[in-house]
Structure formats: C-alpha cells, structure tokens
Amino acid sequence: MRVSEKIIEGLLWLSAVITILITAGIIWVLLSESISFFQVVSLAEFLTEDEWTPLFAEKEFGILPLVAGTLLTTAIAIAVALPLGLTIAVYLNEYAHARMKQIVKPMLEVLATIPTVVYGFFALTVVTPFLQTLIPSLAGFNALSAGIVMGIMIIPMISSLSEDAISSVPRSLREAAYGMGSTRLQTSFGVMVPAASSGIVVSVILAISRAVGETMIVAIAAGQQPRLTLNPLVPIETITTYIVQVSLGDVPQGSLEYKTIFAAGITLFVFTFALNNLSFWIKKKYQEKYD
Amino acid sequence: MSKTASKLEAIDLNAYYGDFHALKNINIDMEEKAVTAFIGPSGCGKSTFLRTFNRMNDYIEGFRVEGQILIGGQDIYQKNVRVDELRKEVGMVFQKPNPFPKSIYENVVYGLKIQGIKKKSVLEEAAETSLKRAALWDEVKDKLHKSALALSGGQQQRLCIARALAISPSVLLMDEPASALDPISTAKVEELIYELKNDYTIVIVTHNMQQAGRVSDSTAFFYMGELVEYAKTKTMFTSPKDNRTQNYITGRFG
Amino acid sequence: MSKTASKLEAIDLNAYYGDFHALKNINIDMEEKAVTAFIGPSGCGKSTFLRTFNRMNDYIEGFRVEGQILIGGQDIYQKNVRVDELRKEVGMVFQKPNPFPKSIYENVVYGLKIQGIKKKSVLEEAAETSLKRAALWDEVKDKLHKSALALSGGQQQRLCIARALAISPSVLLMDEPASALDPISTAKVEELIYELKNDYTIVIVTHNMQQAGRVSDSTAFFYMGELVEYAKTKTMFTSPKDNRTQNYITGRFG
Amino acid sequence: GNNEGAEGELAGNIQIDGSSTVYPITEAVAEEFRAEAPDVRVTVGVSGTGGGFKKFTRGDIDVVDASRQIKPSEDSLAQANGISYVELPVAYDGLTVVVNPENDWVKDITLEELKKIWEPAAQGTITRWNQIRPEWPDREIHLYGPGVESGTYDYFTEAIVGESGASRGDYTASEDDNVLVQGVSTDPNALGFFGYAYYEENQDKLKVVPVDDQNDSNGQGAILPTLETVKDGTYAPLSRPLFIYVNSKASARPEVVEFVNFYLDNAPTLSQEVGYIPMPAEMYQEQKQKFEQFAKGTSAPQAQK
Amino acid sequence: MTNSDINRLKDKAFQVFGIFCTFIGLVVLAVFLIDIIVEGITRIDWDFLTNLPSRRASRAGILTAWVGTLWILVLTTLIAFPLGVAAGVYLEEYGRKNRLNNFIEINIANLAGVPSIIYGLLGLEIFVRQMNLGGSLLAGALTLSLLILPIIIVTTREAVKAVPRSVRDGSYALGASKWQTIWNQVLPASFGGILTGIILALSRAVGEAAPLIVIGALAYVPFTPSSPFDEFTVLPIQIFNWTSRPQEEFLTNAAAAIIVLLVITFLLNGIAVYLRNRQQKKVKW
C-alpha cells in the first residue's frame, strides 16, 4: 500500500512537471527553429531593418513593421480599455449600489468570454463600415477598428481586476478620506486608486500582454501588409497575423518561410513573457501590505 | 456652523441597519470644549452613535436615522446640509491608525488640498502647526516626505490626529483611538487629548474604563442600543445610578 | 498493540514547530480505561500534546518530536510503526464537528471501508453498533443516507464520535469536543464520555474547568509548553500544589 | 486509399490542394461529385499554386490545382521523388486588375504603368497615385495581390515585370483571393489583381480596369477581360489557361479516375458557372483521352496496395 | 462658486461619466449580440445544421464544423482533465515549499499568459511534424489541451484549497492514508469547483481558432471526422473562413454560425456559473 501511495504521488508529480516540459517545449521549438533562421539572417538585420518581405524575391527581414503593427493595435486597444475599464472599476466600487455591482460585473465579464473570431467579424462588418462613414479615407482593413474592438474585449480584464484591487484597499482608508470631507471622486482618485495602484498596473500589463498576443481580431480586420507606420487608418500587419498568414498557405518544414514564423513567434513570446514577469514582479514587490 | 457653537446634541435619535434597531431613542446633550467618553459592551452602538455626528454612516446601505442630531443647534441630517462641509467641522480619528499610503506631509495637507488650497506656503505652515499640535513635529520634521507607513503605530495615530486638526474642525470624534497602541503611545495620545480639549469639543469611544476616567469630563454608558446613563465622569465612576452601569464598570460583563 | 494494553505514556517528550519549542520535557503516565483531562491557557500546548498520541502532527511541515510516546508500552514514533495501524487503535474527535460532506452512513463506515472491508452486512452492523454507542441511533436511524451536514452541531459531534468508534479503537483523543456545542448537546456528549470510559482510554482537552471536573478521573495542567501538575482531578481541584495551577483554576488568568 | 465500398460503390480519400484561382472550379466539381459518389471524401485546400506543387511533388496530395504550368524546378523535384503526373488544362482565366468602385480617376491602365507599380524597384518609392500618372490624384495607393505561392503572382510578374517572382513586397499579399476582394472593395485607395472569377462573383463591389498592352495587333487600346476577349486572346498578356495535375499513383485508384473524368465532363458548365471561360468542347475530349492513356499506363504495374 | 461647489460638481459629473462608461460596455455588448442575431438568426434551420460545406452560401451548412467542435471538446477533455487535476492536486496536497515547486508555480502562471498562437507553433512542431499527426483532430486536441492546462490547474488548486483542514484531519484520524484521504474526501468535496474550472477552460478552447489554423486545420473538409486521426474543421475556423469572403450571403452564414458558437460558449459558461452557485450554496463548512 505504501508502494502504491508512492506510485500515485509519482504520477501526480509527473503531471505537474509536464507544465515545465510545456514551457521547455515552447522555448525549445521557438529557439531551435529561429536559431537556424538567425544563421541566415543576422540579428542586427532582424531588429533594425525597416522592411519585412521574407516571402518575396527581394527578401527583407526587418521585424520592425510587424512590431509596429502589433504595438499600434495594442496602443489603440489600451487607449480604449484603460479609461473605460478604470472608470468602470471606480464607478462600481465607489458609486454604484452593491446590487448593481453584483449584476454589472459578471455582465461585463461576458465580454471576455466571447470567442475572438466573433470580435473579428464585428470589427470587419460593423465597426469598420461605421467608422468609414466618419472617416471616408479609412481603408477596409485598418488598425483602428481592430484596436477599438480589441479594447472592448479587454475592458473586463481591466475593470474586474482593478475593481478587485480597489475593493481590497482597507475600509479604514476610505473612511479616513470621507472623514476629512472628501467627495467620492476625491476619495477614489486621491486615495483608493493610488493605494490600489500596483493591482491596477498589474491589470493593465496583463491586458497589454493579452492585446499583443491577440490574433483573430487583427487577422480578420487589421490587414496583412507589413508597414512601418503609426497611421491607424491603413492596412498593417501584426506579428500574430503574419503567423496566421503563413500558416494558411503551405509551410514546408525547413524552408525559410517556416522559420520566419518561429522568428516572429519568439519575438512575440519575448514580449509577452517580459510583460507577464513584469506583472508578477510588481505584484510581489509592490503589493500593498495592509493588515 | 460657527466654531463657537459646537455643542453636540441628539434628540429622540433612533438608528437602524436595515431591520436591526441599533440605537434606541437616544437623548443627550454634550458640552462644548470638553471630553465626553462613550463606554459600553461591544456591539452596544457606541461607534454607530459616534458616526452619526459626521454622518459617516451615510454610505452604509440600509442605514437610516430618525430624530435629530444637532451641532451648534443645527440639525445635520437636514437635506440642505452638505456632508463635505460638515466633515470639515467635525474631524474623526479611527480605532486603527489609517494614514494614507503617501508621505507624512501629504497626509497632513490632504484635507486642505481637497478644499482646493494649493499655495505651498499655506500648506507648509498648516502642516507644521498641526503636527506640532499633535505633538509629532519633533519626531517627523526631518522626514516629512517619507512614507507615513514607515512610522510606528503610535506615531501613525498622532499623524491621523494631526491630519484631522489640519482642516481646523471644532469637533473631534475619536473611536477607540488608542486601542491598537502600546501603553507608551497610549499615554502620549491621552495627553494630547487632554490638551486638545481646550480648543475642541471631543467625543471619545473607549473600552478602557481607566482611560475614560483619565481623559473625560463626562461619560455616557450605552447598553444594547440604549443610553443607560450619562453623567460627570467622576460621579458615574463613583456612584453609578443604574445597575447595569455598575456591573459594567466593575467588570462583571463586557 | 493489544486492546488491553492501552496505557499512554510520554517520556522526556519535547516537540518543536520549526524553532518554536512547543512542548518541554513532558513526562506523564495515563491510566487505562479512565478519562484524563488536559487543561491550561490557550496556546500552552494541549492540542499539540494530544496529537502526538496519534501522530496527527506528522503532516505539519517543520514539526518534530524528541523523546518517547508509548502506547501499551510501544514507542509509536519508531520507524516500523505504521501510522494507519496506529490510528485504528487511537481514535480522535475534534473541536469543531467535522463530518465528511457525505451521508451519515458513509461517515460511520468510512474507516472500515478504507481498511478494505466491503461486505454490506458487516458495514451496516458496524454502523448500527457505533451509532448506538454514540447515542445517536434513535435520532438518525431513519435518515442514514441523508447528508451528515444536515444534522445539528451536537448530532454532528456525536456522529464524529460514532465514526471514531466504528473502527474499534482502544484509545479516544478528544480535543475540546464540546466547545462548539450548546449546553444541551454538551451534556449529551459528556454523558457519552462518561459511559465510554468503561471500554476506552480517553484523553480530553477542555477549557471548561467544570467539564474537566465532571468527566475526568485525572487532570493534567499545562502552562507554556510545560506539564505543571498532574493529579487525580478531585485532588487537583481542591488542593492544587502549584501556584500557577491554583491561579488558573480560580480564573485569575487564561 | 482503399476501395472498400460494397457492390462497386466508390470509396476513399482524394486530396487536392493548390491554386486559389482554380479552387472555385474544383470546389464546385467536388461538391457535385458528392452526389455521384457519396463515400469518396474529397478535400480541397487553398495554398496557392506554388504551395500546391510543393505538396504534390512530395507526394502528399493526389491532385494539384494550378493557375500556371509546372516549373522545371518543380518537375525535377517530382522526378527526384519518383512522381510522374499528367497535366490537364480545365479552363481559361483573364487575370483581372481592379480598383475600388469609388475610384473615379482610373479609366484604364497600361502594361508599363503596371510594371512601374509592381516591379521590385517600386518598393517604398511608388506610394502615391500621381507618381504613376501625373493627372491622377495625390493620394496614397494601397496594393492588394496574391501571395508568392500563387500561380497568379508568378504569371503576373512574368507577364508584367518580365521575371517570374520579381515584385515589390510592400503590399497586402494573401493566398486567399477573398481577402483581396475584401480589401479592394473597402479601400478607396486600393488597386489589386486576381483571377476573373473573383471579380465576376463580386462585380458590385469592384471596378475592373481595362488593360492596354500598346500592341494594336491584338486589339486596339485598353481591353476589358470578358468571355470573348479572353477566348480570342485579345486580352493579352493576362489571359491564361488553368490546370489540374494528377499524380500517377493516384490515377491507379478508381475513385480518382472517376473523379477526374467527372471533372473534365463538368468543367465546361461549372467553370462558366463560377466565372471562368470554358475551353472549346473538343479540347475537353482530348484531355479525357490523354488522361485515359495516362491512367492505363499507370494502373497496370501499380497494383492496389 | 466655492471650491466645494466645484468639487461637488466634479463628483456628480464623474458619476454621470461612470454610468456612461459602464453602460457603453453593456450597450456595445448588446448592439453586438443584436446585430449578429438580426443578421444570422433567419439563416439557422435544420438544413444549416446538417448540411456539408458548399460553394453556394445558401446551401452551405455547419455540420462538419460543429461535429469537429464536439470532437475537439471531447478529446481535449479526455487529455486535459486528468492531467490538469493531477497537477493541481500534486501542487496543493503534496508540493512542499521547495525550489522546484516554486518554479512550477511561477511557470504555470507564465504559461497562462502565453498567447494562444504560440501554442499553435508548439503544436505544429511537436504534434504535427515530430509526432507526424498532421492536421488531425488529435493534434488539435493536444494543442488545445496544453493551452487550457494552466486554467484547469489553477482552478483545481483553488477548489482543493477550499476543502477545510478539518475534513482531512477527520480522515487521517481514522487511519486513512494521504491518497485515500484525497480520493475519498478531498476530491469529492472539491469536485464542483474543479468541474466549474474545467467547463470554463473548455469554453475557452471552444472559441479558439488561431492555434488550430497554425497547426493546419483549414482544409475544406466536406465530411464529418470519424476518428481522432481525421482532418477536421471547427466552428471558429468556419466562421473565420466565411468572414473573409466578400459576399453578403457568406457573412450571413458567418453570423448564423456565430450564433451557434455563442450558444455553445454561453451554455458552457452558464453551466459553470450554475455549478459554482450551487456549490457555494450547498457547502457551508
């Protein structure tokens, strides 16, 4: 019986260790393919060239246009989600009745459960045509509407996590602020939000990381043209879209095209990995310790 | 509200948390520039009552009062009374020190800043005056811009008092202000209360009979939402009229 | 371990949680088929000591013991002792009733089932016997397959006792078994303990001096990890030898 | 592939991949074939002619859709892998240049102008309409075209730039022509090109641009791609045949033989239905015979596995 | 106007703005659902659910897509459920505070933040190429299993942690071994929570398209798969495909397929919420 206990523990341990294998697998797959990529293309070229045409006769391997596309859509998404999400968090926490918060919060969270192809459809068939009535020069594929829709998708990430952070600020601080004659607004932004700032920052970083890695919305609505621009009105291409674009064609193993998606993948991975770890670090280091 | 008229009164006051009747028909009349202590077993309604004087219960869902609370003769539960104005008159200090997670200086001038005062010289002077009044100046003057959270519990509590004083209230409400402090800090806070009563009307909730004896002029004893007895502290501690008061003071329950 | 040799002894026992020295040099010798009560102020180590008799502390990280615990003369902290076998001999009842979130029947037969006993007739008989011993049978016999969580606190605690009895231990450890119960349930549990001592060696931790007086034959008084005094209950309560015991019994502290 | 159907019922898998231009015809044929032989599972992928040939020459698929002829390099790969095949033209296409319907300045375009737009040297430099023709407006030009795996891309670069596979890389490139239609139809500054069927299917969203090859021997001035101009070759040089290639091993399987015959029988109607130009009837007969010969040659030595 | 009037005004203004923001989120959600329902609902009928794909929008159906989605759900559950629960139980019940376990924990948190398309690349190289599974259901299910593993592990840990110590103590005191305690007491008591987590994880998996596209599941598949080694398509990919077509009728099809996908997603989420509420009501420790 003791032996069987040991065996079971061993099996459970193995399952837990598989998660390390997954990470190792991801890193190994990305590295091994992109190392042979970087034997053909120098890292300096990859990071500094301003054109990305690896599939064409005149090959250029500058990742910057894809990075620019990714950052542009992400920035638009955050520009939408941060003010809305934070306002919602403050409103629900400080102004809304408990009952209303109980109803509204899960309703908003529905936004996060909708599959992203659906958002892509929405961006392409509703938001873009609508925006085109306001901005006639807007191209059918553009960073703007993809970014806005992505922003709507991540609102609940920011609003829910920030609301959690704000409501975990001890009551006593809120009372202190009210006790001095603060209005709700002054209490929220003068005391509660600063006190919950690390939690809020973490929520924003996680939202950024999510936006950077988002694929289907941009693949459907943002275009497929690597372009080093900050103009949100024209077609661009994100790292994730590039991977999808190549995957939709044939990618014979070992070819340079095949390797480019791993080089793009590792770039994406580095970004999100850095953001995720930044958020852990902030959480660990700056988590307000109230007792 | 004028500074000189800071007498506190409650007339036929009833308070409810939803269905729960927390304060029952309270009538009391507290002197200006004196210290009144609220005592009574846990849950008897001391804090609830204290908080009616600056309407801190307003934000609790389901809470409501009937009757009147008068400060300087004015009913503060009337429609036209503005809660933020009221609270500038009626400062409050809480059981657990609750400085904002900001610098010491920012804590003290917070109340002024939210009133829209921006002039640095005014703020700095107010900060110094209040910290001095709260007997904290010497200990913190060299680290005004350090985080308030780095202070000891006793210092934090005096900082909270300084913060309350900075907006020049005429009334100070204190809810067990020393219960989270060590004996030495407690002594300092008590001393401070003793000095402040020359200028402020002070109400203090305490569980510590000795403390009530030391700092207060009058004492009110509450029991299960009722005001059982209200008298000069000396009188009450030597010859309580009500049986329950007697039992409580001698430590039979609570 | 044989049923008849269920004398409990501790020899030079020390126990540690990491660096914290929780039990200091304890020597004690408890009678078979008698009730021994452990008393002492909160945190003095009563529970810790009680739990050394069925090695319930084994799973706490950083916990370790030095010295010997003998049951029926055998050192239970020796390598070759199997904890599961030990616990079949030494049943335990906890402060808060902790029935499993299953049916009443499943609760009682759990100990037998994990021993591999599957025969329905055996299990059912055991369930009936144990529930009868725990004076619960009449109250639950019609709802054996209902959830145990639906019982009252007192019934739950007796169910936990029945559950412990079902695997026929010779020793019963009880850690404040009645402290979460109302007076009527408490009386029932005490009565039960009184009856059970004919067949079991019982150790009970209690905060309630009257309870110790009512149910126990001997009493051990602990203070800050030390066994201060151990004597017949009657003797200890009437003429304690140690000052600290005296103070505790008369309610000066704790 | 097994032939396990009862009483001669056809069964098995047929894997097809390749050109997006040919895809609509093959899709239609496969769909109609379902009624004929419900147990044959025909899968049709879209990875471009180049992508299709890569799979075909590896032996991964049975039939490849192609919008150009096989390249010598691909042929030698096939030989190296021991794969022989038969080439079967199935219809004609006119490679179509389109702009957004809101575009009111482009009335026609010359081959030279197309070259100026698409040649590799244009990358990053030709970015505005008035750089192509001064009277066109000073607006950004947004380009949409098939990806490098496409036969259409190869054919277009060959015909326009003069070298297959040579073009600028800063345009929206997709193997899925639907994406290109989406792009052009929603972008007022767009110019793009793809197979005629995708234009025909979306006439209301696109504006076709007549192309002038400045060679009066095959029609004067700018010429629109239509049934006639493609058939009679006046829409030069952008008219071209479309093909399927069949693997020899596959043509030993009855379901494949059946499918290819079905394809050639129905190509005249189906290719026209999806927007292409059928070949003359006798050519289809020729192709059938050619395939019959080929299949016979392969089935004898290659017994079923 | 005094300062305090201004402050009050700002306070009121923010309140209005707060309501506006909150409702904009909800309004967008509503607009969104209504738009899709209006566009797609009339397209949904028996034929739409049972037809194979077709070049004619009016004849095209989603049979292969939803059957593929169902297959993926079942296979993913079979793979991810035991693995995730086992890992969660290990970390919560057996994991001592050592370097390795600490590392595993950080690692799981990290995995939860890896973009899904990266899992696609992992699946492409490992399952599709190295293990030679091709663009099969099995390769897709394996890829999605890895994707949702962190979610399952985290929720399992939370559910297991919520089982009070007293239940474990009760079991140990009766002579049960550690595994007996986990198997007989901890897992049954936390099953509701674990199930909730798994369903939430599956609702995530059901909507994923990107990783499946990367592993190559985009063929026009005119048949329903009959074994885990068959090629497949799923609803999100079918929607993606139709969305990228310019013709109105295909967009209508996409909207109709979206309705079906949303029904599945909301159903899964609804079950999860229901289970969680029931769990919270039932068990009062």
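A, B, C, D and E label the chains in the order they appear, each numbered from 1.
Rule of thumb we're sticking to: a contact is a pair of C-beta atoms (placed from the backbone, for glycine too) under 8 Å apart; a residue touches a chain by one contact, two chains touch by 3 or more.
Per UniProt, the chains are A = Phosphate transport system permease protein; B, C = Phosphate ABC transporter ATP-binding protein, PhoT family; E = Phosphate transport system permease protein PstA.
Model, not experiment: these values are computed from the prediction.
The fewest steps needed to get from chain A to chain C, moving only between touching chains, is 2. Counting steps between touching chains, the shortest path from chain C to chain D takes 2. Counting C-beta pairs in contact across D-E and across A-E shows that the higher total falls to A-E.
Its C-alpha atoms fitted onto chain C, chain B is found rotated by 180°, rounded in steps of 5. Most remote chain with respect to chain C, judged by CA-atom centres, is D.
Centre-to-centre, using mean CA coordinates, chain B is 49 Å away from chain C.
One inter-chain figure worth recording: chain B and chain E are separated by 53 Å, centre to centre, where each centre is the mean of the chain's CA atoms. With touch defined as above, residues shared between interfaces to two or more other chains in chain E number as follows: 7-8, 177-178, 218, 244. Chain D has residues 17, 46, 176, 179, 182, 185 in contact with two or more other chains.
Residue positions of chain A with contacts to 2 or more other chains are 124, 183, 186, 248. Taken pair by pair, the chains that touch are A-B, A-D, A-E, B-E, C-E, D-E.
Across the interface of their complex, chain D is touched by residues 52, 54-55, 218-223, 231, 244-247 of chain E. Chain E contributes residues 96-97, 164, 166-167, 169-178, 180, 184-185, 188-189, 283-284 to its touches with chain C in the complex.
Only residues 3-4, 6-8 of chain E touch chain B when the two sit together in their complex. The touching residues of chain A, when paired with chain B in their complex, are 97-98, 170, 172-173, 175-183, 186, 190-191, 194-195, 288.
If you check the complex, the residues on chain A that touch chain E are 1, 4-5, 8-9, 11-20, 22-23, 25-26, 29-30, 33, 83-84, 87-88, 90-92, 95-96, 104, 106-108, 110-111, 113-118, 120-122, 124-126, 152, 155-156, 159, 183-186, 188, 206, 209-210, 212-216, 219-220, 240, 243-244, 247-248, 253, 261-262, 265, 268-269, 272-273, 275-277, 280.
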